[in-house]
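Pasting the structures here.
In the two assemblies presented below, subunit A is common to both, partnered first by subunit B and then by subunit C.
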Partner chain A sequence: MAQPLVKKDDDRDDEEYSPFLGIEKGAVLQEARVFNDPQLDARRCSQVITKLLYLLNQGETFTKIEATEVFFSVTKLFQSRDIGLRRMVYLMIKELSPSADEVIIVTSSLMKDMNSRTDMYRANAIRVLCRITDGTLLTQIERYLKQAIVDKNPVVASAALVSGIHLLQTNPEIVKRWSNEVQEAVQSRAALVQFHALALLHQIRQNDRLAVSKLVTSLTKGTVRSPLAQCLLIRYTSQVIRESGVNTQTGDRPFYDYLEGCLRHKAEMVIFEAARAITVLSGVTTRELTPAITVLQLFLSSSKPVLRFAAVRTLNKVAMTHPMAVTNCNIDMESLISDQNRSIATLAITTLLKTGNESSVDRLMKQITNFMSDIADEFKIVVVDAIRSLCLKFPLKYRSLMNFLSNILREEGGFEYKKAIVDSIVILIRDIPDAKESGLLHLCEFIEDCEFTYLSTQILHFLGNEGPKTSDPSKYIRYIYNRVILENATVRASAVSTLAKFGAMIDSLKPRIFILLRRCLFDNDDEVRDRATLYLNTLGGDGSVVETDKDVKEFLFGSLDIPLTNMETSLKNYIQNPSEEPFDINSVPKEVKSQPLVEKKAPGKKPTGLGAPPTGPTSTADTYERILSSIPEFTSFGKLFKSSAPVELTEAETEYAVNVVKHIFDRHVVFQYNCTNTIPEQLLENVFVIVDASEAEEFSEVGSKPLKSLPYDTPGQTFVAFEKPEGVPAVGKFSNMLRFTVKEVDTSTGEAEDDGVEDEYQLEDFEVVAADYMVKVGVSNFRNAWESMGPDFERIDEYGLGPRESLAEAVSTVINLLGMQPCEGTEVVPSNSRSHSCLLSGLYIGNMKVLVRLSFGIDASKEVAMKLAVRSEDENVSDTIHDIVASG
Partner chain B sequence: MLLAVLIANFEGNILVERFNGVPAEERLHWRSFLVKLGADNLKGVKNEELLVASHRSVYIVYTVLGDVSIFVVGKDEYDELALAEAIFVISSALKDVCGKPPTERLFLDKYGKICLCLDEIVWKGLLENTDKERIKRLVRLKPPTEF
Partner chain C sequence: MATFLSREVCPTIKNILLLDSEGKRVAVKYYSNDWPTNSAKLAFEKSVFTKTQKTNARTEEIAMLENNIIVYRFVQDLHFFVTGGDDENELILATVLHGFFDAVTLILRNNVEQREALENLDLILLCLDEIVDGGMILETDGSIIAGKAATNSNMDDGASLSEQTISQALATAREHLTRSLLS
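Let's look at the complex of A and B:
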């Protein structure tokens, strides 16, 4: 039960005490018995209802029995003729939202009110009925609701329309039948009726593009009475614009004149909505943008904080795509840095950081320094992120920006804030070589007085990788060794590893590092001692632990190559099923992509948008592996190499929803068909898929596993397995037919008939493609990985990709064709660029690492040329990648 | 969707909270978030001076009226300007019911009437009535005058 945060029970002066002082649910429920009195006291009843509302509004909940009891008593109050009490009763019933079996008690009273001659009884009865109604009742009252929509009393019409908006979620077929009446209400002279009618009509027709376009065309020419409705219309208009595109002959954009006209509307709400709509037009030109920016600039100096906020928020977004268009507003935004409302000030700063030029950086930083001290951490993080982007944009300014970051790093702040700063410094060090030495020193200073273990270990790890490559590595040793003396065990263990890295990379430091490591042998933590022992043996050992210098470096600097979540799950499984065999790290799946299984989706759960943190990715690979290993026929196939994302084989909203997941093994593929039966009146039995592999010559079917029963809305799986030549990336096309026995189900009892009929259902075809043999595995530092792979098996060639829609489209086509993981954000192509480089990494079947460098160029006629360089651990694999591109 | 209307006193005690389309498990989080937002920013703010913030994809507009602070939270079409409209209607209705910017005691004395007003203004997350004169009549089950 949700408890109110704080109950209202303060005990200040007697005169100040609350009328609800000491209110208690049990007592109020007792008081509610007055509703049953034969002689109703309207005033007293109203007071009790008020108390009940107070409890509910504070987050108190009633048990089912309590709610039912109160509900039944409240219905007795319909006998009273007191108007004030009747109004309260309507509200109370809505708040209690009785269950379907109780509603019947009150429907007749409400139906009576709904046909009452008193308009206000009608309006309220409609709202209550629609709140508590179900489908059957709704068909009974539909006639009255349709009348109410066109009622001449605006309150009645609005009540019916707003009810319609809510009912559309639960009973769309019924509400869609009202479109003629709603259409009529859109023409109403009452402003609010028009607003509600427009919202409902658009929702009814939202999937019918033509109808929405017609609606917009007629209303933009006619009169819209309320600013709220006008805002809705602008939103719908911008949707129509988005879907229709620019007129290629005249270059005009449909409805732009309407939007531009709205910029001169008298209501600020409408002006803002129009300006915002213009700024988000796709491919908006400077000419189109200018009038919108002008009104937003005026709003920046408005006396109303809401307008300032709205304007600066919109300009902030524009600055991401059209920074030059916003520069005219810079002076106005600078004055907002001192705005009392911190949200506005932060937005102003981050916008300025995006639009500022190199010469204004220093001035801006001075202003921000004063500002930083009096804002909350969450705003500071936004500013830090903006500064990082600015520094990457103007690398020459790294000195002042890095100084700024190091200064704020020394000030008070929570973990998230400090982490944002550290991450920024790390990125700057990596991307701006000149910033490396000073950046590393700032980080060293920070760990001298860092309260966050996570950050200390992260910095130590980074220091170990980057420090040995600097001009004077020895100066970092003091900071690292201080950690061994002063910190907790986790940080000490990290520091030991970092020391070892320095020792491995720099021979001149090795003897001195050895002295330090030997001191760690007496640490009171076993992990620290173990690490010190291990490193002493690997670095200075006799070859019993590792054999060559290369091995030492591989051991110290090599990445784990396995996603940690997969490692964790495998270890847990290992512990749960004890075995004589030692744990084999090669048995851990390397697939990083995790797409939730269709059958694992929570039914009917919609995102609320109110910030519930997204649930962590479940390891799909493990789930698949578990499912497959539970099927005896497939256990001999060996280790699962990869499972594809589900490929839909039916269109949305068909009777049976089927998708397929392709599981790739060394010598086999298994197709997992995830089936859902969406017809409540049917039960499917003995469900299986007939696969025609005549266009996949290298595959031969070796087995299948049908699904015994597929009841309504309970997903199930059926499998078909194929054999293919070992290690060969065989490709082909598969046609599919779903076969099953269908039995009728009586939905009232849930029982199926005994006899069924055999039936089949055509599914879409799908293909096994080359990308199915590639696992997306990222590398943290592409250049290092590329260099350490070496040019031995490098293959380079050039390709003409022909005319393409855009460079971005060409890049994403090649990425999808290869099925590899884009690295370092290189999959994003800046708009208007004429050339682009993209870095990809992956693991090819047979556990072969592959790295790819793609260089694209596009000419004026949109012809795209591409240079493809591949490095891998095997020359055949490098050649195969070229074959894939050549045949794709 | 107008996700929440919350009215609290200066100490952060909740007087009225109405959520729409917010799962029960997230309400406590929102309640504390809004109360903290008010505590951090509402000191010294004049009656009906609006403050605004955004949190993820959600907008928040809030203000002070007499002894109470009012918060409205919305998303999508209920952006900061639509919320400003909603909070304006709520404040006007409150002043109307209480006769002035309410003290906490006055607010609680008129609690039932205030609930009815809120019911007329926001219904299940949609703004229904925006005119205070009309609202005043509707809570007494009187038809609007302009009709």
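Let's look at the complex of A and C:
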């Protein structure tokens, strides 16, 4: 083996001669002594500096002493008049970034160069000096810098302006004095000077909205020559647009015309920047989007990969919010699936998955299958995520999508990739009831040959919860027991738990489960044996007294009702203070301390995957349930029906930020006030909300839970509970007053004073509306559900919605009003369509299934008419839906 | 460069890399603090190199890596990279790469290969210095960049890159451009 290796080295020496071969720091530092020669050899000195720079570039570091030594000898080279050498000296000084006392040595030389007649000296000396200088020196050279900004040589002007941009961060007050000169430079004929001047001018004024707006107004009218400056101006313009909002009278957006004009610029860079800016305008309309999409579409077929990438990446983002706007590009996009550049191909695929309609799914899947084998894992994860959301959008297509997922699950892949697939399957199983059985079987097959312990255990846990609820649970047993025979201890232990769950749920399987569990008693791992013994005992497999069925299920399926962090602290305390008494789990506080604001996470269907318990529809609801059940006063209210999204009760950036979450129970509502104290100098104690329910007659207050203390920036909750008639969707308005005791806090020590003052703070009103009694529950096949519900309690009526901005806006208003789940992707309105049908489903309080068919039409004057057909299990519920719409 | 984040509205370059055919450094320049240590830098270079290695980037290519956009181009045993943030206009990055590439081509008199590059490392370092200053784009025109780096170099023989050769070089560049437009 050694022979060929040596030979290869020899070969390489011949082939790859490098002037730096065998270079060594110590030797080069020795060589650097030539800098001190009385007769300077400029060429040799340049070479040595190049060697030093090479070493630094390769990641070599100099010690403090070495750096100082090199720095001092390099300063000697200012004596040489050789231009090339001087340039290398500048570079070297910048690389060494000398300390303040060293800087003084070179200051005078650099200042001399700053005033040299050679432009190149001036420009470079400015950049070096500004890089290494500090505030005090800056005042000395300020005069020269101001001159340099308006220097007729563009290189000098640019050097001064760019240095200004850097200095603005450290010495803003000085740089701000240069506004006049910078403003003059903005008018420069040299393209890059204009770019640099504009960047600096904007930064000087960035905190003054009016000034920025003026700057944009004047420049968008004039001619900005440099494409880079034009890009900057587009960015500043978008900023101004963001801050000013749409003109409410005309519906026009200020400066939109300018952005649209830039789409016809001759530089691609500018066209793209403008198109990108238009696509991210807040609340962009289809009319505004169209021209931008058109130019991006042209870029898609460009011969330059960079252009294709930029366009497809932007369209991909647009597809998230306006899928219909991008559909025109689908044909160009499909040809990109086979793009040489895999990044482009992946982006094209995921965009297509977002914009695709039901009929194109099968074709797309075929194309993707070919493509999956030759992309990296990170891209595959993106594709898997996109397929998951596609499947949720078109539940009828679950079969082909699920098949695709199971196929790729069998192929090679890393942990993250496999986890993404498994998570997706789990979510599909959870959200699409029809997909459950096939999905579980795919997972079972996967764990037969799964190298990741984590995934195996998670799947086994999931299987234990979902498997017993299927039509033929016994078929899963084999897969599970195989784990006990074949896997490592961790997987074996969780397989034992899963077996026990089957045993607990299905009596007919119990005897067989007992046999299997008894075999596990001879396992060579403690945990596996212990679990088997425990479960045999609880399930009664060893002939002992069987605990009641409810207890067993509670034990096997119930989640720990104690916050894990509290449990952890209690256990740590217990270990630190050893005592004879056994640890008592009841001593762990159940109160959730400063619950992080979970509702801040993106609302709606956030993939929760295996990590979250598979009971609740979203993790948020689960958290609420846990918080509420930890409050003894509320435990008698029964099962939580729905929690609303938080409603803000304060303006943004006020002293105290409060929002409310409405929790609906069968006979009660609980208002959870999430409070945040934004004043560091205050500690609030005994915080509670006084609710005036005089405009909500059907509600009567039954209890409240004040918040003991609310320190700065730590969110806390206080609750108020009301009773209401059972099962009735009572509505009403509530006005609120926050009461508390304020204590001053010394911010330096963090200690609060003893005496507090009582104070109150007016909050905004909020209402409980009919939509609060509706839970979003999707159905996979709307037509089937609609037919099987039957026309017995169908109610149909027509409504005029008056003039609307667009059909899409009208549709989303009605969906939000009803609070129901749009089905089969019907919430998306194709652009320019004059009519639209939308399908909604939901669960009304009292567990009443409700299905809604909406037909919309819009006429030339933007008047929208709507036909509403409701089917439900109860005629009162159907009527209520009409009432909601009629009163909304 | 503590100034980096506060300037996000401005097009910003995070680094420029010139690597050899094995992914080793010829010359690199970092302008952002995203890679604070030399080992972080090396790791980044390695992942960029492995990710792009298989592509045939005879013209400008593009990739995404760790929330960065990387435009790149390979010629013989030299690999050119320019990195910008996730939100950067890809075409601006491509312009910078273009400028860098053209400048190096001019300096190496069309002999774009590692050995030639190392022999003219001083000029290449000067080039890097003239393209971007602390993340801000300074100049994007390859011939101007090469001109700035080269007029300053005082070659003893005087003929290496005199006015004469510069104009020749410019002619070659123009030819290059026409060719790329025609292809």
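One rule holds for everything that comes next: the second predicted complex is superposed on the first by the 539 of 888 C-alpha atoms of A that agree within 3 Å, B and C clash if a C-alpha of one lies under 4 Å from a C-alpha of the other, contacts with A are read in each partner's own complex, and residues count from 1 in each chain.
Convention: a contact is a pair of C-beta atoms (placed from the backbone, for glycine too) under 8 Å apart; a residue touches a chain by one contact, two chains touch by 3 or more.
Here the structure is a predicted model, which is why all the values come from computation and not from measurement.
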Side-by-side fit of subunit B and subunit C on subunit A, or clash: clash
First (subunit B), second (subunit C), both or neither touched by A:Gln239: second
First, second, both or neither for A:Lys152, with subunit B first and subunit C second: first
First, second, both or neither for A:Asp82, with subunit B first and subunit C second: second
Partner chain(s) touched by A:Val306 [first = subunit B, second = subunit C, both, neither]: both
First (subunit B), second (subunit C), both or neither touched by A:Gln169: second
First (subunit B), second (subunit C), both or neither touched by A:Ser878: neither
Intersection of subunit A interface sets (partners subunit B, subunit C): 16-20, 46, 49-50, 53-54, 57-59, 83-84, 86-88, 91, 94, 120, 127, 131, 155, 158-159, 162, 165-166, 192, 196, 199, 228, 231-232, 235, 268-269, 272-273, 304-307, 309-310, 313, 341, 343, 376
Subunit A to subunit C touching residues, read off their complex: 16-20, 42-43, 46, 49-50, 53-54, 57-59, 61, 82-88, 91, 94, 120, 127, 131, 155, 158-159, 162-163, 165-166, 168-170, 192, 195-196, 199, 202-203, 228, 231-232, 235-236, 239, 268-269, 272-273, 276, 304-307, 309-310, 313, 340-341, 343, 376
Interfacial residue positions of subunit A with respect to subunit B in the complex: 2, 4-8, 10, 15-20, 46-47, 49-50, 53-54, 57-59, 83-84, 86-88, 91, 94, 118-121, 124, 127, 131, 152-155, 158-159, 162, 165-166, 192, 196, 199, 228, 231-232, 235, 268-269, 272-273, 304-307, 309-310, 313, 341-344, 376, 608-612
Subunit C - residues contacting subunit A, complex: 2-3, 6-7, 9-11, 25, 27-28, 38, 41-42, 51, 55-56, 59-64, 71, 89-95, 114-115, 118-119, 121-122, 125-126, 129, 133-134, 136-140, 148, 151-156
Touching residues on subunit B, where the partner in the complex is subunit A: 3, 9, 11-18, 21-32, 35, 40-41, 49-58, 61, 75-77, 79-85, 104-105, 108-109, 111-112, 115-116, 119, 123-124, 126-130, 134, 138-144, 146-147
